[in-house]
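Each structure below appears as structure tokens.
Both of the next two complexes hold subunit A, though its partner changes from subunit B to subunit C.
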Partner chain A sequence: MTAQSRIEAQMNLMLRIHVVWRGLVALLAAISIGVIWQRMVETPVWQKILFSFVCVLVMIFSGYGAYQISKRNHAGRMVSLTLDYLGFVVCFVFALNVGEFFIGIDALGENFGKGIPYLGITVLGYFLGMLEEYFPTKNKGAENSLKTVSKWVMLGGFVLFLWQVNALNGIIYFLGKLAQPSGSIAIGGLVIFGLSLWSMRQPNTAQALNVKTGHEQIINGWLFLSPNLLGFLIFFAGPLLLSFYFSFTDSDAIRTPNWVGFENYAKILNIKFVTLDSPDQLARDVVDIKVYDEVGRFTFGNTGILFAAADKFFWLALRNTLTFVLFAVPLSVIPALVLSNILNSKLPGMKFYRAVYFMPSIAAVVGISLVWQWLYNATIGYINYFITLGIEFWNNLFNVAVVDPKIQWVSDEKTALLAIIIIAAWQTMGFNTVLFLAGLQNIPGELYEAATVDGAGAWNKFWGITLPMLAPTTFYVVSTTTIQAMQVFEQVFILMNPAEGPNNSTITLVLYLYRSGFQNFQQGYASAIAWVLFIVIFGLTLIQFQRQRRSSIYES
Partner chain B sequence: MKKNLLVKIMGLLVIASFILAACAPAATEAPAETEAPAVTEAPAATEAPATEASSADVDLRWRTRPDNQEEIDVYSQISTELDAQLDGITLTYEPGGSEGANYQDQLRAEIAAGTAPDVFWIPGTDVADFATRGLILNAADLADATEGYTAANFYEGPMFHLTYNPETAASGDGSGAVWGLPRDVSTFALYLNLDLIAEAGAADPRELAANGEWDWEAFLEVSQATRALGSDIYGYGASAWWGPYGVWLNASGGGFFTEDRAACALNSEESLAGLDFQRSLYQDYDVAVPYGEDPEPGFRAGKVAMFQNGRWATPGVRTVDFNWDVVELPAGPNGTPGNWLFWGAYVINANTEHPKEAWALVQALTTAETQGKISALGANIPSRVSQEALDAFLTFTPPANNQAFLNGIAPDADPTAEGPLWAGSWPEFDKIMGPAIQGVLTGSTTVEDFGTTICDEANKAFNQ
Partner chain C sequence: MNMKSYRFVRFLNNFGVYFVLTFFAFVMLFPFFYMLSTSFKIPADTFRYPPRMLPRDPVTIQVEGYDEALPLYFVEVDGVRNEYALVKSNIKVGTYAPADDLTKTFERFLSEVKPTGGVMNQQKITVNGEEVKLFDVEVDGQVIPMILIEQTTVGEFIDPQNPESEPVFQNVRLSEPVENVSWHPENYKEVIELNNLGRALTNTTLVTVLVVLGQLVTSVFGGYAFARLKFPGRDTVFVFYLGTIMIPFVMLIVPLYQLMVLIGWTDRLASLIIPWIFTAYGTFLMRQHFITFPKEIEEAALLDGASRFEILKDIIIPASVPALATQATFTFLYAWNSFIWPLVIINVGNEKNHVLTLALNVLRGRASDTPNLILAGAAIAIVPPLIVFILGQRFFVESVAGSGVKG
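Right, the complex of A and B next:
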């Protein structure tokens, strides 16, 4: 037997093992489906469906992979690598979970922080070793000594670091946990999936499966993409779909949810408009008060229309949110546009002002809200203090008697939402200014020069050049600010006490879904609110997209 | 090449250390020695936990909602002491809540995730919700097996709810339900700025209370006299939540619920009368800090004469630089101040793996000795009915007139125990009631309109 034929025989054996492995995985997946439905009695149905779906996918693809490998087709390698990679990641996460890594964040903060200074010693040792590259010496003995010292400093620093981060205890604890049956399964899975991955990545295997350079590039591309893709699927797309499912249940996040169909959505959208006999007719006289609450009434003359809803808080929240968007978006976009034009000049000190205006955007919302809470205080707040000073000055100057309004910024339902709008606009304006500045700096200077030659004034240049050229930026700014405004929560939650404000004047959609989901144990209902909010935001954004496309200014 | 390999190896080792550092148990340092309350002041333990400790060491996590670092230090020290005292139990104390993470919201999320501590504190209003959802353990069997345990050791109001059996509607010893033990109790008093009151020439509320003349009329007179000192001086201030406005309803013979706590009573004649008087303080007489504005900064700045708050506000008020004291709430038309008996309880996680040990911990946390140490901070009143505990509480001054708090929870004052809704949802009820009352007190809704519609809405919070 020649060396070549021996290698081929080995490769055939290896591929047969892979075929068996893929078949085994497919079989295990099939068995798992039976176990899920036969044994996991207390597992919620949605989890059973989800697990079964995953198992079916694994079964199909693993079987397909086995078939393709047996046919010496590169697709088998692609499928095999994908499944083994995912299996390896799952086993790794499972091993970490068994080792209680995910609930050890407190320990991580405490232990790792202690070790950081010693890590500095290791870095110092590394730089010692680098010295000879920057300061070459002819003395080989000194060079070797420096390298030796460098190694020992690095080693010593690292040992100290490991000691400080409690690594020994960590190893003992981790291994102790892994010694459990579940830990052994995780390690076993890691080894098997790892070996399979390693074997499939070997050039000989690739060659045997007729892999071309293009195939390899595709695999490498997906491999690089995988951390982000997996993160997106697990932490964004997964919860998104889960919340969609929950919106059709009565989930309280604790007990097994029951399927309720469209009940949650029906409650949200159950509204009624009723004509009133008189403007002050009671709601209970015209609607079933056990189902509906009055949201508001529109009166004209001796009659009126009552707006009632099964969940009045949702509609109040929607009204407040839309009002907030209506005012907060223009107030944070138009001043930003003006400001960016001013800051775009080459006057000295403009960089400083750019930084100043941007600062509110990077400051913590909690801190900002607490500061504004003090400023807004009707009795000892600075805003009212300066208003009082101003009025006194005015009265003394002109000998008039203007009454101090003593505005109750956060405790009067007429001004509470305005108070939130002011903070949001102030905070968002800086960020929008930077975006507009970036847009302004991309406008070719030749356009302005040509306009100047044509005799255009500043206003004509702004209207005829700046605004049209800024259209893409403006579209982006308006869209993102609108989406952000629709999700207003933190400022309201922290500034207002109670957060709903006087007569529910500051209850917003996100606040209401937070209250429902996390304070009233109504996760199912909160999920439904979240999806309605999503539809509203999606609708608004869609309108903005369509308007932008139709915009003749932009097209031109 | 070698260097690259070295850097790679070092990087991998650091990542491995990162993981191992998370797996290694945190080396929690013992809390710094806080100023211990005088031993003679603290009442002796009336009873030691009688549950037998198991032979194997078990780890228990427990949590409260402290208001400040001092409380965290004291609870940490208590945890260390109980750790040594309770055989076979290793304790980890977790202070809960922060500016960005509401205590209850965080707790609920952890319960849902299955990572909540074995023993935790919840406010009295949450007990029914947690119990009926099966989130907290019914420790009735453990309590029955505990020598010396009786509900009578604690204030009746909290224990009514903590031993309420929703299946039989029975309460008290032998009801078949023990949801936990009260950590402490508290009540409202009026924090007085004595300098402002003297400057206004108003009568001293403490003297009026001592003479039995401290009623709504006298309260209004003091408020008006101090309000007249300047446009930025207020006679009265209270925060915007159910506690402060509830007392006015209670004091006039009304209340939030009907007697059986199964329906809304906000529209009763008495409740509306109490609400109307409170409304007049804000709207007609204009003596109060506008409703919804935080009155505490104003009081601490010396611009509010009477600030209604609980015992928990005392540590903060102790830092003001004017003469201050406290007085009980004024008596209403009903003859009592209508005060609340606030309470919260240590309860056991229904999913704890060590219910016996958790029950032992709950008992140890509510001994007179432990409560005495916490009371020394001045933030609350011991929940045990014990003269020793109350005598010790009176020594924790200022305020000089600590008796005002005890008067508030005395049987004569007929306080209403803060309580959950076994026949409905308290959060739902509060969600409807709070904004509606705020509408009245800020003048956008009349009392009449409020009375006409409020119970139509609020009754939806009760089981239909």
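Right, the complex of A and C next:
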């Protein structure tokens, strides 16, 4: 027997083991489906369906992989690598979970404070290493020693950090937990999947399965993308689908959800307009008040129209949110446009102003709302104080007697929403200024020069060149500000007490969603609200997009 | 137009520009100044009207013969304003006048005036159809029965340099206290130690650091795969990623909550970290950055036998520090400032796992009569991101601008 044939025989055995392994995985997946539907009675249907779906996929692909490997086809290697990799990841996460790694982050929070200074040392060490890039030295030896020092400082800082946060105890605890039976299963899975991966990655195996040159890139591509993609599917795309499903159920986060069809949406959209005999006719005379609540009424001369809805709070929230958007967006965009045009001049100090304007947008909305809460205070707040000073000044200047309005701000239903609008405009204005500024700096200067030659004034240049050229930026600014404004929540939640404000004047869609889903625990209904909110946002963005496209067509 | 008037117009123009810019800068910065100054005040000072910027304390003085330090007030004696110490407050003073001539008034301490005819049997007189009590008031050694018209309280002030001299009586509430500017950093100590802000600060730091690191790793790998590696399905997945960027987070809040219930992470810091490590937006930004990177360098390295991972680690990442710093700053702000998700997922009672925004929400209710503490808490939440911003300003503002132009 030659060495050549011996290797071939080994390879045959190896591939046969792989075929068996793939078959085994397929079989396990099939058994799991049976177990899910026979034994797990308590589990909600969507989880059963999801698990079965995964099992079916594993079964099919594993079987297909076994067939392809036996045919010595490279597709078998791809399928095998994918499945084993996924299995490896699942076992790894499972092992971390059994060892209470994720829950252990809480314990880390306990000691983390003590470790922060040492983490600071580590970061300092990193910057020490960076130093030589900024101050390049001719002396090669000094450079190397700086790098070495930086490395040791980083290592030392990190070890001290681990010591301070009690990492050793954590590892011992983790290993102790892993010793449980479920931990052994996880580790066994890790070893088996790992071995299978390793043997498939061997050049010999690859050759035996007729691998082509481009495959390495495919594997790398999916491998690099996989952490992101898996997390994205589990924590974003999956929940998004789940949200859609919940919106058709009466889910309350505890009991098994029941399918209710379009009931949630029907309740939200159940509205009625009734013409009134007289503008102040009572709502109960014209609508069934067991179903409908009055949302508002409009009067045109002598005729009144009553607006009633099955869910009055949703429509109040929609009204407030749209009002908020209608005022907050222009209030933050138009001053931003003006300021950016001023900042675009070549005068000294513009970078300073730009940085100052940017500051509100990076501060926590919760903190900012607390600050404004005291600024808005009706008796001792600065805003009313400034108004009083302004009115006194005005009265003295023109010898008139304007009366100080003594605005109650957050406790008056007429001004509560205005207070929120002002905060939001204040906070987003600087961000928008910077965006506009970037757009302005991209407009070619020749356009302005040409216009100057033609004798255009500053105003004409603004309308004729700046605004049209800025249209894409304006679209971006307006649509992002609108999307953000549609989700207004934190300001009202912090500033208003209760958060709905006086007479529901500041109840917003997200606030109502929060109330429905997490205070009344009508999570199915809250999901439906979320989808309606999404449709409104999508619609608004679409309208803006259409307008922008129309104006740009007109431009060209 | 001659040169001189042109210069004058330009000067006026520039003056106007700076005036507008400075006005807006004031509007933008004022709430921050207010927050910082209030956080160093004592509670009484925060409720003062008209409000003042700098924190001030009432000044007290030790005077011989008095055990406790006495508060100082401005008192005007014979047209001279002087600092006097308040010895005794709440001294009752009555304004008395004879019943037949109410314009002739005399002020006397209530304690010095005796009821006419004794306490048990006080005499009364009818004035304007009402029965009014009579008091014996001494005027220049003469006792005249009078009626009480008005009653106020005053304080007794003495000259601290000369405690034996004649005391001055004056209304305390209307007197201006002597104050000096003094800062109270102990407010910060109090919110950190007594109101759980310390633990919340630690938790927020931990969560933010882990989210930033985790997100950088996943989006660098993902972005590189999208930008540089060719594999079937790449473009489909990328379009899918792009499509989700616009979806608002509140869409996910209910199902993500249920997912956390399923995994058992409700009330855990893990729920604030793990779901936020994977973002479509961050991956998109990284891809946009990597795609501008010259291909030739990579191809040369590949020919030298370097693996993709080595290329990423040794060539691309070192050359992308500004982009990474920008993304890290974005993520830092997002993680540090997030509120609605912690509010939903972390129990109100479980203060151990509160992050800063949650702790502030609790503090708001608990310390509603001490704005100095609330605003000290707000400063703890707001100042670290400001420092990060000031340090990373150059990268950050420029790249915000860049994202707008590309988007």
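The working rule: the second predicted complex is superposed on the first by the 491 of 556 C-alpha atoms of A that agree within 3 Å, B and C clash if a C-alpha of one lies under 4 Å from a C-alpha of the other, contacts with A are read in each partner's own complex, and residues count from 1 in each chain.
Throughout what follows, a residue touches a chain if its C-beta (ideal position, glycine included) is under 8 Å from a C-beta of that chain, and two chains touch if they have at least 3 such contacts.
Small disclaimer: the values here were computed from a predicted structure and weren't measured.
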item: Partner chain in contact with A:Gly76 - subunit B first, subunit C second, else both or neither; value: neither
item: Subunit B versus subunit C as contact partner of A:Gly87, first or second or both or neither; value: neither
item: Partner chain(s) touched by A:Val366 [first = subunit B, second = subunit C, both, neither]; value: both
item: First, second, both or neither for A:Ile380, with subunit B first and subunit C second; value: both
item: Subunit B versus subunit C as contact partner of A:Pro502, first or second or both or neither; value: first
item: Which superposed partner A:Ala526 touches (first subunit B, second subunit C, both, neither); value: second
item: First, second, both or neither for A:Leu229, with subunit B first and subunit C second; value: second
item: When both partners are placed on the shared chain, which of subunit B and subunit C touches more of subunit A; value: C
item: Which superposed partner A:Phe158 touches (first subunit B, second subunit C, both, neither); value: first
item: Subunit B versus subunit C as contact partner of A:Phe489, first or second or both or neither; value: second
item: Overlap of subunit C and subunit B interfaces on subunit A (superposed complexes); value: 103, 105-106, 108-110, 112, 119, 253, 366, 370, 373-374, 379-380, 494, 518
item: Of subunit A, residues touching subunit C in the complex; value: 47, 102-103, 105-106, 108-110, 112-113, 116, 119, 214, 217-218, 220-222, 224-225, 227-232, 234-240, 242-243, 246, 251, 253, 335, 339, 342-343, 345, 347, 349, 353-360, 362-368, 370-375, 379-382, 385, 426, 429-431, 434-435, 437-439, 441-442, 472-473, 476-477, 480, 483, 486-487, 489-490, 493-494, 510, 513-514, 517-518, 523, 526-527, 530-531, 533-534, 537-538, 541
item: Residues on subunit C engaged by subunit A in the complex (per definition of touch); value: 14, 17-18, 20-21, 24-25, 27-32, 34-35, 38, 46-51, 198-199, 201-203, 205-206, 209-210, 217-219, 221-222, 224-226, 229-232, 234, 237, 240-241, 244, 246-259, 261-262, 264-265, 268-270, 273-275, 277-280, 283, 308, 333, 336-337, 339-340, 343-344, 352-353, 356-357, 360-361, 364, 371, 374-375, 377-379, 381-382, 385-386, 389-390, 393, 397, 400-402, 404-405, 407
item: Touching residues on subunit B, where the partner in the complex is subunit A; value: 3, 7, 10, 13-14, 17-28, 99-100, 104-105, 108-109, 111-112, 115, 129, 133-135, 231-232, 234, 239-241, 289-295, 297-298, 301, 303-304, 425, 427-428, 431, 434-436, 438-439, 442, 444-445, 452-453, 456-457, 460, 464
item: Residues of subunit A that touch subunit B when the two form their complex; value: 96, 99-101, 103-112, 115, 119, 122, 126, 129, 154, 158, 161-162, 165-167, 169-171, 173-174, 177, 252-255, 282-284, 289-290, 293-294, 313, 366, 370, 373-374, 377-380, 404, 408, 410-413, 494, 497-498, 500-504, 507, 515, 518-521
